[in-house]
Each structure stands twice: as C-alpha cells, then as structure tokens.
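Okay, so chain A shows up in both of these, paired with chain B first and chain C after.
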Partner chain A sequence: MMKKLSKLLILCILLILPGCWDYRDINERSIVLSVGVDTLGDQVEFTGEIAKLRSRAGEDMNQNLAEGTYYMEAYGKDFEEVRIHYDATFPYPIFLGATQSVIFGENFAKQGIEPYLNRINKFYDYRKTLITIVSQVPPRELYKINQEKETSVGLLVEKIVDNLKRNKMTVYSSFDELLSLIQLDGVGYLLPYVGLKNDDIAYLGLAVMKDSKLVSIIDYEETDGLIYALAEKPVLTESLFSSEDKENKASLRTAVKRRRVKTEYRDEKVVFNMDLLVNGELRYQYFLRPIPEEEEKYLENLICQKIKKDITNIFERSQKEFKCDIFQFAKHFRAEHPEIYRKLNWEEAYMTAELNVNVEAEIINLGLTDPNVDKK
Partner chain B sequence: MNQSLSNKEIAFILFGFIVGYGLMGLPKSTAEKAGSGAWFVLLLSTLLAVIFTYIIVYLGYIHENKTIYEYSEMLVGKFLTSIFITIYIVEFFAFFTMIVRGSCEIIRLTILLKTPLWALCLTFFLVVYFAIVKKLKVIARLCELYGIIISIVYFIILFLVSTQGKLLNIRPLFESENIVTYLKSSLLTILPFMGMEVITIIPLSRKKNGKKVFKYATFMILFIGFLYIIAVESSISVMGVESIVHFKDSLLATVRRVDIRWLQFLRRLDGVLLIVWIMSVYCTVAVVGYGIVFLIMKLFKNANFNVVTFILIVLSFIVSLLPQTFDQLEQILTYTSYMGVLTVVIIPVILLIVTKVKKYDEKVK
Partner chain C sequence: MKKFQKPNKLTNKIEEIEKLNFGVHIRKLTVDKTDIYLLFILHVINRDRFSRDIIEPILRWENDGALTIDKLADSIIYMDDISIDEDENNIIDYVLNGSSVIIIPSEEKYLIANTKKIEKRQSDSPEIENTLRGPKDGFTENFYGNLSLIRYRVKDVNLRIERMQIGKRSRTNVAIIYINDVANPKFVKEVRKRLENISVDGIIESGYIQKFLLNNAYDLFPQSGIISRSDKASAAILEGKVCILVEGSNLVLCIPKTFVEFFDSADDHYDNIYLGMFSKLLRILCFMIALTLSSLYVAIVAFHSDILPEQYILALASFRASVPFNALLEALLMEGMVEILREASIRLPKQIGPAIGIVGTIVIGQAAVAAGLVSPLMVIIASLSTMCSFVAPDYTIMNPIRILKFLLIFITGILGLFGFVMGMTLITINIISHNSLGVAYMTPIAPLNLRDFLNYFLSDRNVTKERPEFLNTLDKKRQ
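And then the complex of A and B:
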C-alpha cells in the first residue's frame, strides 16, 4: 500500500516540478540584443534592437528562426518612466538576458552614466559581462545604419570591440572593473568609443570617463601608450625607419614580456616607476637590406623611445586634460603604501605625480629570412 | 536512540553543518571588517575554531557513548542541564527556521523571481523532513556524499574565478598597523565557523573512534578555514574590496561577473554555484533539524520521533514566514550567532572545567 502510494506521489511531483503550466515560448518574448541610452532635450531616451523570431511556416512549428531585428525607441523623464512607455509598445515581456552591449550616446555620457551602471548591476536579468560602449553618433541613428556584416548593429559593435580586445589592440574596463573603479576617488576609466568612419561603423578610440562622466576622447592612433601600460601581455606592431635608408621601414612585432609598476612617496610627491621589458621580432622590411648588429641596436633604441613617448604623452594628458588617474596607479600605490594612500587626496596627488618609464627592448629574431646574407 | 558514527562521518557532519548559508555573504562581511587583510583574519578565526572544536570533541571522548544531555546531567545536575539543552534547542531552532527562510529568499531574489516564498520554504522543509526521519546515520552519509561533491565543485569554481581576478586587488596582503583590527575582527568572524556544537549530540566511542577523532575534526575545521580563505580571496581578486562590500550575496555576485569562454555552455558558472550552495544549505538544515528533534526527545522521553519531527516542521514553516523583511531576518541570524558563543564556548568550557575538577579525565587515562 505504502509503495503504491509513494509511486503515486512521485508521479504527482513529476507533474508539478517541471513548472510547465505557465511557460512561454521563446517567440513570445521580446529578446533585447542591444540597448542604447541617450538624452534628447531634457528627456531620457531608450533605443535598442529586439530579435525578430518567427516559426517557420509549414515546417516544424517549434523551430524558431532569427530574422534580423526590430528597432525600438521610447522617451521619459527618468529610466522608470521610459520603461513604462517602452513596455507599452511591446506585445511580449522584455527579456534582457541576451543583451550583449549597452551603448551610451555622447550627451548622456557627458551627464554621467553611473545611474545606468547601477541599473545594470541590480537588474537580475542583465548580464554582468556585457560591454558598455560610448557612441559618437546618437544610438537612435547608429541602430538605423544599414550594414551587412552582422545581423544587427549592436552585435556588430560588440564583435568589433571584442575582437580588438582579444587581439590586445584596445584596453577598456570590463563591467565588473567599472563597478570597483567608480568607488575610488580620482580614478577614471576607459570605455570603447565607436562611431562612423567613411560611412562605416568603426571603433574610433577610447572614451575617458571621470566620475563616470565623459571628459575626453583618445584617438585610436594614440592609444598605444595605454595598451603598453595596461593591457595584459600586449603584442603590437611598430613600423620604424632604418638608420641609413630613410625610405626603408622595418615592421616589428613588439611584445611586452614583463611589466612592473613600483610606487614611491618622495618629498610629498607620488612617484610611479614603470619598468617594461619588450621583445621585438622583425616581421619584414619594406625593402630587403642587411641588418647588422648596430642597426639592431638602433632599432631597439627606437622602440624604447617610441614606447616611452607613447606612455608619457598619455600620462601628461591624463594630468592636464583628463584630470584623473586612468592608469589605475591608485591601486598600485594603495597596495604598496596603504597608510599614506588613506591620508592623500588622490585626485590632487595624481596631478603632481611623476612617472618614470624605463623600457628595455631586445630584438630576439629577424624572422626566417636572412637579410645579412653574403652575396657572391 | 544514541547512534554512533565513524570518524569520517563525524568530520563530514561538521562540514555539512558549518559550510552552508554563511558562505554566500562571507567575502562581504570579512572584507568589510579587514579589507584586503581578510585572509589573515580568517586564519586567526580558523585557529580559534579549532580550539573550541577540540574542547567539544574532548568532552565527548572523555564521556564515552554519551551525548551532552547525559554527561551534562552527570556533571552539573538535572536543572542546569535542562537550561543548557533549552539554550541549544532555541539556538538550533532559530538557525533551522531562519536559514531556510534566508536561503529561499536568496533563491527567490536570484533565480525563481516569481515563485512565492511560502512555496519555496514548504518544499525545502518537506525535503528536510524526509532526511530527518531517517535519523543520524543517514544524515551523516548524506553529508559525506554531498560534502565531497560540494567541496570539489566549490574548489573548481573558485579556482576558475581566481584565474579571472587580479593580484593587485588583494594587495596589501597584510598591514602591520591594523593588527588590532585584525584581532578584533577574528573574534567576530568566528561566527561562520559556528556549528561544531553538533558534536555534542553525537556519542563518541573510544573503541570505534579512538584518538583519531581529534585529528579528523581538527583537520576538517582547517579544511573549512582553507575553503573560506580561498573563497574570500578569489572574490576580492575579481571585485576589489571597495566593490564587494556592497553585495550581500557577494560570492554569487562575483561568480556572475565571470565569463570563461572556453567552458562553452558552462561559461556562466552562477547556476552551478547555486546548486552546490543549496546542497550545502540542505546539509546544514538536515543536521540542525535532527539536532533539535534529538534534544527534544531527550527532554520528553516518551515522545515519538516522527511525530516530534512533523510538529517541528509545521512550526518551523510558520515561524519561517514571520519575519517581514530580509533585514529582520539577518538581524535574527546575527543574534542567533551570538547565542552560538554560549553553545560553542561557554557551556562546553563550563562542562570541561567540571570534568577536570571532578577528575573524570584521569579515570580515562
């Protein structure tokens, strides 16, 4: 009797546990792929892309197919009001779990993105690994651009930025780093900056954020210094003129093998000492010429100077123009001198700080071609 | 009624009881008190926990095959024993109800957003009821099986999390100026280690358990301390002290911020973490629940075990729904942890002193 009863009970539980009685099919949800946030006049604007999902007619009805995206737009005086208008235009509940990128318009970024970061942080369905991006073009215009590289603009932007990060060609803070950095006074952070170049959506450089407000832009060509100083094991390409032949250029792959940051507090001044060990590999020369040892030394010296200049230029800009510590030196200083750090006003201390960059470069190989061959 | 256990089972019952609900908020609470020196504070509290565990195991070892009810009655008399047992019952009951409520609250806030709280609590209590009526031996085996799974999965997750963290975030590792703060906080951080009082309800046998029981129990506490240190340090390495202090579910929040591409469909580890966390809470609740029923049975000798368990479950279900807010619940849990000082430190020490004064230990030697 008991056995029969327990079997019955197990069957009942099987019916209850799957929770299928109020399920919703995937095409009955508005799956948001990308969200744009901007201001228009004194109103907050939400834009974005929603996946178009359709069942294939005539075939397996359960199979859904992504067919591009819908564009959406809503306005209001604050996030909550916009969301009310937003919800009012959709036939299905909004699902944010698939959102890969949040794109901030320049106007909104200048006013401060911290409230929206907190919104992402606290909303359960937002992924905490999404990418936050600043756009030169207002998101409402960006999303309407016709492009064929990806199924949606949001996806394209995210893929471009992600690809650059994977190849160590950009350096920006991930979402969890942002949350930690906004708690530190005087410390800024970098976000990818996208926009239009020759009518194509492109990565344009890095947006400098101080107190979560956009203060300046660093052009793509000028970001090398930051990559050398911040990226994890970066590998860059440098093209350098040879010493004798000013027409000839050597293309070198430079890899940071070791980076050490030491901090000091001297004469009431904060000093950062950055030591870099860089290995160079010759990829090719524009014109094949012999590279004697002196030429190698010359190239090594050029690499050192170039890297040093790249880093100090950005450091000086960060003191004079951005007025915030975008190198996150505060974390290094706090780790080494916690007592002094607590007493300092970091923003002021950083403005008068000194940076010593010491670069050691070594060309470790000239590739498989031998430029120094004896011609008979 | 008294059921003896093997040394391994005792060690895993300790693991099952201690590791559970508290781990979720541990990175926050230790980072709040000691910043990046959290590991040192945890190390100190682990050592303190080892001492108290040793005392409790010693009591059980000296008074062979007896639980706290029997040896306390022998040492301090019936009246004081009833007070002691009542304190244990009240503490266990508060833990039992509030941990279930707290866990369900976290489950509701993180994965089952629309499920009513009472439904979650009811399901939890019913499954726990099933474990309790199977009594100590089965619960110990459950803890052993789950304990192995929980610790392996935790270590894998924490290792993966730490690969995404930055060493810079956990520095300075130690500040000598803060040593006083560290010492003070280590006394407060011992709360997540509370749970060794469970040994008072397990009869130890000198023949079966031998002196090795001390080794097993001590090793388990050290192991838990190690797990805690790894959990806290890897969370801080990802989030940084300044950010982690804002999250009550700091461990889950850390794991949710980690995205490991090469794990493919498992790249988001939060689901796995929640599963093992719920398993560990289940172990805690099953052991505590058994503890309550066991002690009540000692006070009311003629009661029926299954009936008492049933009444306990019904009562706990009602009480678990009483706190109106999450803050109230946390307050109750904090006060209950303070009661832990009585059950882990004061009562065992009193009993130890009396044992020494009455020279029971010499008879053993």
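And then the complex of A and C:
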C-alpha cells in the first residue's frame, strides 16, 4: 500500500513540478490583433496593434469589450532581429492566435512578400485563415489613423475586405491559396489593396502580385471583369442606359449562373474559352417606363457586351502590363493538357494566349411589381 | 412467575425468555381455568388490534369444552394473519418481528398472530423523481404498502414476489420482484445468489443492498438504478427487469441497468415521441456539459485560446483581466464553492434552504465577480454545469461526475487539451469496462445494437414492439 502511495506521490510531483509548461492564461499574453510589415531604408519594420485589456469587475457588462489597442513598432536587419527588439518591450509573451490580418507596406510588397508568407506558414500560432493585405500608406501610418468604426485599424481593414468578399465585390486569394499559387511559375495572384480615401481608411482595389512582388494596382472600379471571371457565383449591379430614352437608366443585378473555362492548344498557341451564363434582374428604372420585348433584348445584349469587355480588358492588361496569369488559367490548362503544360514555359505561353469570352445573358425578372406601370 | 405444574418445551421457553429480559412482555390470561400466555413486545405491536382482536375475544369466550390452540385459531381470535407452529426455537424470532405468540401450556403447539405495528406515511409525490406528467404515488418506507403499489399496477398472475430476510440482526425483509415468464432467469438467479450471499448485521436502506450488488466495491458508476415511483418500477418489471424492494426504504432497486438508461425518464414514454427523443439527447448533452465544461474553460483560457474566434478571445481576456487567480485555480474555486452550496442546501432546514440557495448563487456569485475574484464567465460555467448535473432522472449517475469533474479540471490544468483527452479516455474506458449483471454498461452503443438504440431513443410502445435485446427476456414481444 505504502509502495503504491509513494509511486502515486512521485507521479503527482512529476506532473506538478514542470510548472505547467505551456500554461499561460489568455489575459497574461499580448494579444496581437494585426501585424504590419514594411521596410524603412535597409531595415525591416514590424508594426502592429495589441489589445488593451481592462478590468471589467463591477462594471456595466454592456460596455465595449476592448478599450482599444497599443501600437507597437520595432526595427531590425531581418525578421529575427526585429522580433528580438519587439519581444524586449512587452510584459507578456506575444500571442498571434487572434491576428486576422497582416498588412504589407508597398515598399515591402515590391521587394517580395514570400519570406513573410513562409514565416506565417511555419509559425504554428498564426491563424492560417488570416488575410494578407497590401497598404498604400505604410502600416505605421495606417495604424495611427484615428477611427471609430472598429476597436482597431487592423480589425477595420479586415472587416472591410471580408465584407466585400462576402458580397462578391472583390476577389482575392486567401492565405492557404497563396501557398500553392507561389509554387506555380508565371502565375500571379491578387491581394486586397487598402489606403486612404478622403482621409478615411478604404478599400482601393487589388494589388497584382507576380513572383510575390507587387507589380501593379487595379482600381476598384476596374475589377468587375476579374469578379465575373474568378469569383464564386458573383452577383454585381450594373446600370445601363435605355435604348429609347437616354435620360433613363436601368439598374440590373447580374448573377453568373454558370461559368465554364475550357482550354485548347491550337497552332502552338494557348486558347482559353470562357462561357458565361448570366441572369439579370431589373431592380428599378430611374424613371418608370414599360419595357417592351425589344428593349429587353437590347438590355441583354448590353450586359453581354459589358461583361465581355470587362473581362477582355483585364486579360489584355494582364498580358501587357502585369505579365502574369492573374486569372490562374494555368490550373485549368494543367488539368486538361498536363503533357503540353510540362513542356511549356507558362509565362511566355500566357503572353501569346488568346481568350474567347462567350456571354449569354437573360433578364429573368423585370421587376414589374407596380401594377400601374403601363398607365404611367 | 409460578412454576408450571406440567412443564413442557413451551413452558421452558417462556421461563427462558423471562430470564433473558430483552423486553418481551408475558401476559397471562385465565379463561375457564385454562391458562393462556401471550408473548409480545409492547412497542412493536399494534396495541389496539392486540387488545381488540386477541385479548377481548379470549376473555369474552364462554363456551363449554376445553380451550385449545386450534379452537383459538378457528373461532375465537379476530386476527386475519395467523399461523401455528410447534418449534419453540422460533418463538423469539416471531416476537422480535412484531408478532404475538399465544401459548397454552398444556399444548405442544402455539399460535402466532401478526400484530406488527407499522409507522407509515402517506404515499405522496416522490421528491427525487419529480414529473410533470405521470402518477404521483411514490414509494414510502412501508414494505407492504410498496408491494401493494406494484401489485396494483401489474396484475399478472406471473408476477413473482420472492421474499427473504437479510441482516443477522436487523432481519430486514427484502423482496425480489419480477415477471416469471418475461424476466431472464439468469438475472433472477444471479440477484437471488448475490442477495443470499449478503452476510451483514443489518440492512437499513436499499443503498446497502445496492452496494452489495456491485461487481466490485470500488466501482465508480452505479450498476443498479433507484426508483421512487411505482409507475416506473412497474414499467421496469414489465420490461423484464428485476426489482428489489427493501423494508424501510422508499427507493426500489432495479437491475440490470445500463448507462444510457439512467437518462430515461418515465415522462419520455408518456409524452410525444419527438419530445422524448429530444429530452433524452438533452440529458446526455447535459451529462457531457456537467463533466467537461469547466475543464474546457481551463484548456481554452490557459492553453488553446486560438480555437476561439478573435472577438471571443478578446472578450475572454477582458473578462479575466482583473482576476488574480489563474484559470485552473479559478475553476477549482468556483466549482468547489458550488459543491459547498449544494451540500449545504441539502442539509439546511426546509424553511431557510431556498433563501440560502438564493444568497449563495446570486449574492456570492455576484460579489465574487464584483470583487474580481472570478470572471463572470466562470460563474456562468459553474452555474450551468451545476444545473446540468440535475437533469438526470436517476441522480446516482451524476454523483461520479461531481468527483470526476475535479479530476478532469486538474489534469487539464496540467496538460491542456492533451490532459483533457487523456482524462476523457480514462473515464470512457472505465464506463465501458463496467457491466450490470453481465450486461455491457454502454449497451446499446458499445456493443452497438441498432434495434435497441432506436428502442431507447423512440421510447414509444407503439413503435418499439419488442423488448430490448440485451435483456434477453423470455417473452420478447411487448405487443
């Protein structure tokens, strides 16, 4: 009996003495909400926001949860050195589990973000669902902007971008997609691009990344073609002029019901055939007028032309300006013609590739909910 | 007492009892020159009946002819439950059991009249198995009253009530109740064997028997259920189970009982089929919550905050910002406090119990949060897990959880989720290793029996026409 007890005692002591090796309560960690990476001269710059915790004992439970954030900043010749400086200023260990966005400054993005992507990938405490963003203004300035929409700038930027993606108003690659895309030669990817607009933090468009380096920016207004071509079941709103009454506009909600991409290799040339089936719903007219069948056809044709133009424009820009396959057509071609793909230099092949866009549009709802519309 | 003129074995016994002096009254009556000796213990007999139905008719008897034991039994005594015996060694047992023994010195046999006084309370709604729907006649401490409640519901000629006395000194009546052509004979035989093997000085409550029925005295989980309502006991008997009724206990034992059956309430069988299913799932979920919620809190706060969405992490950190204790200590403190309140509320007098309950939960909880000793979330978790521990109709299944919960919190506090999984694995292995009279404890989940599984969850006699397979009953069909 004594032997058993002593064994039990030794086991208990062994378990207790290591001092709960990973034990650290959440309130005793520096919760990083957002991380900014940029360069300043030849130095790497880490900035970020850390949640400011406040005791809520005896207070009204309906008050805001977090008081705000602390700003952090550290410099060094490489990531490791910056981290050492960074750790030296905090009372608690850094906790990256709540970090939802990593914001790259334009300077750093131009030099290449791949090293930091690998860092995120290998750090077990970084969430792999975080959003990587390119900022027009350096992150250190972005974080200092006084805003009241969210508890922190990082959170606000992440919510804006996430909300646009949910509403199919932007298209960018998530972090886990980036990891596979950076392995493909000649294939670029898109990251959300944020900055200041009228002194307010705003989504400005998409940053085009080639070999993980920032090569160009696509303005928000010019991203429709990419959304039609890449977003999952996109829904966009278009305003079109009536054929008869040029003063009148019709607001149409377009939804891509089917998108097919087929690839061919013809005359030593890569050809992409994109078929789109788009349904349109007339939401309202600026001035209510009856819509005859011809007008309906006219509007359908107008939508087809608009979508086709949007897509081909951005495709041409990708060939001439970005010089990389931002549509990720390589994935389709590799799946359909693996043998040819292996022999091709995709970057070169893409530059001479041809894109045929075939759009079919049908207005399925004229929004005739007003029974008196004919009399008006 | 005078010496008997013609001593025989019975008169010798009377003298012996008188010398023993253990409270046996000996009353001598003389009727028509015949001496009659009445042996009884004053405080265990029903004195009204004794005077009215035994003494009065004997003294009023005015007939010719000699007074004999047979005559007393056949035409004089008014008592209903009488018997005749010749073995003088049984006299003491009869008297101790509350009967009165009538001896005529000239005879070799004697008369026993059951004059036992039973202090009983009215059968009322049971306190531990409350129900919204369903009969309210609960068992009482009255052995015969309890038997009659079961007989009243199951009028089958095959209902068997085997009686035995257990306890060398208490001589407690115990009845094994089952339906002869339904219950598995192996179960009946095993129960009989286990009860016969009990060698103890006294059985005061059915809890004593329940412990003797365990396969191993140190087993953590109960292997027999307790029933305080006659409708539930009758249903168990009809199902093919064996019930054990113990004199002086208002709780009937039911065996075999599997783990999931502890979450089966009689209401499930009376109410809508979907509600029954929902309630059962809810109770099993509550069992899990009661066992794991506090330890999961420790694991998340101290080790794996990353598994929560970012907003929750911030809320959690901000709730805990002023708490001086670490999460492990906080959880142990709060759960300990709740256990103290629970224990106190059981012992407190009924008049002040509810008041203290409110003081305990609201005032102490609120004050602890305001003082920054514990986080509001921990108060919610401790309260929720305590509420969850009350949902099982048979509360005995929750008792091990109250202990295991602390073990799980402790091991999680040391090893995080890894410790939690280790603890849960050990508990699961322990539960699965149990059996009740040879029936696997986790039946019908492990081993999986889909028919029994559906039988259990549907709780509707209209849909489930056969008795559970694991009971291996003689009559397999309910309808």
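We take it that the second predicted complex is superposed on the first by the 337 of 376 C-alpha atoms of A that agree within 3 Å, B and C clash if a C-alpha of one lies under 4 Å from a C-alpha of the other, contacts with A are read in each partner's own complex, and residues count from 1 in each chain.
Assume a contact is a pair of C-beta atoms (placed from the backbone, for glycine too) under 8 Å apart; a residue touches a chain by one contact, two chains touch by 3 or more.
It should be emphasised that the depicted structure is a prediction, and the values quoted were computed from it without experimental measurement.
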* Is A:A98 contacted by the first partner chain B, the second partner chain C, both or neither? -> second
* Asked: So, A:L179: does it touch chain B (first), chain C (second), both, or neither?
  -> first
* Asked: For A:E148, is the partner it touches chain B (first), chain C (second), both, or none of the two (neither)?
  -> neither
* Is A:E247 in contact with chain B, with chain C, with both, or with neither (first, second, both, neither)? -> neither
* chain B versus chain C, judged by how many residues of chain A each one touches -> C
* Which superposed partner A:A51 touches (first chain B, second chain C, both, neither) -> second
* Asked: Touching chain B and also chain C: which chain A residues?
  -> none
* Structure fact -> Interface with chain A, chain C side, in the complex: residues 300-303, 305-306, 310-311, 313-323, 326-328, 369-372, 376, 413-416
* Asked: Can you list the residues on chain A that touch chain C in the complex?
  -> 15-16, 20, 22-27, 29, 31, 33, 51, 53-58, 61, 65-66, 95, 97-100, 125, 127, 151, 155
* Under the touch definition given earlier, write down the residues of chain B that touch chain A in their complex. => 109-110, 113, 168-169, 171-172, 175, 177, 238-240, 242-243, 253, 256-259, 268
* chain B partner contacts - residues on chain A that touch it in the complex -> 124, 128-129, 175-176, 179-180, 183-184, 331-332, 334-336, 338-339
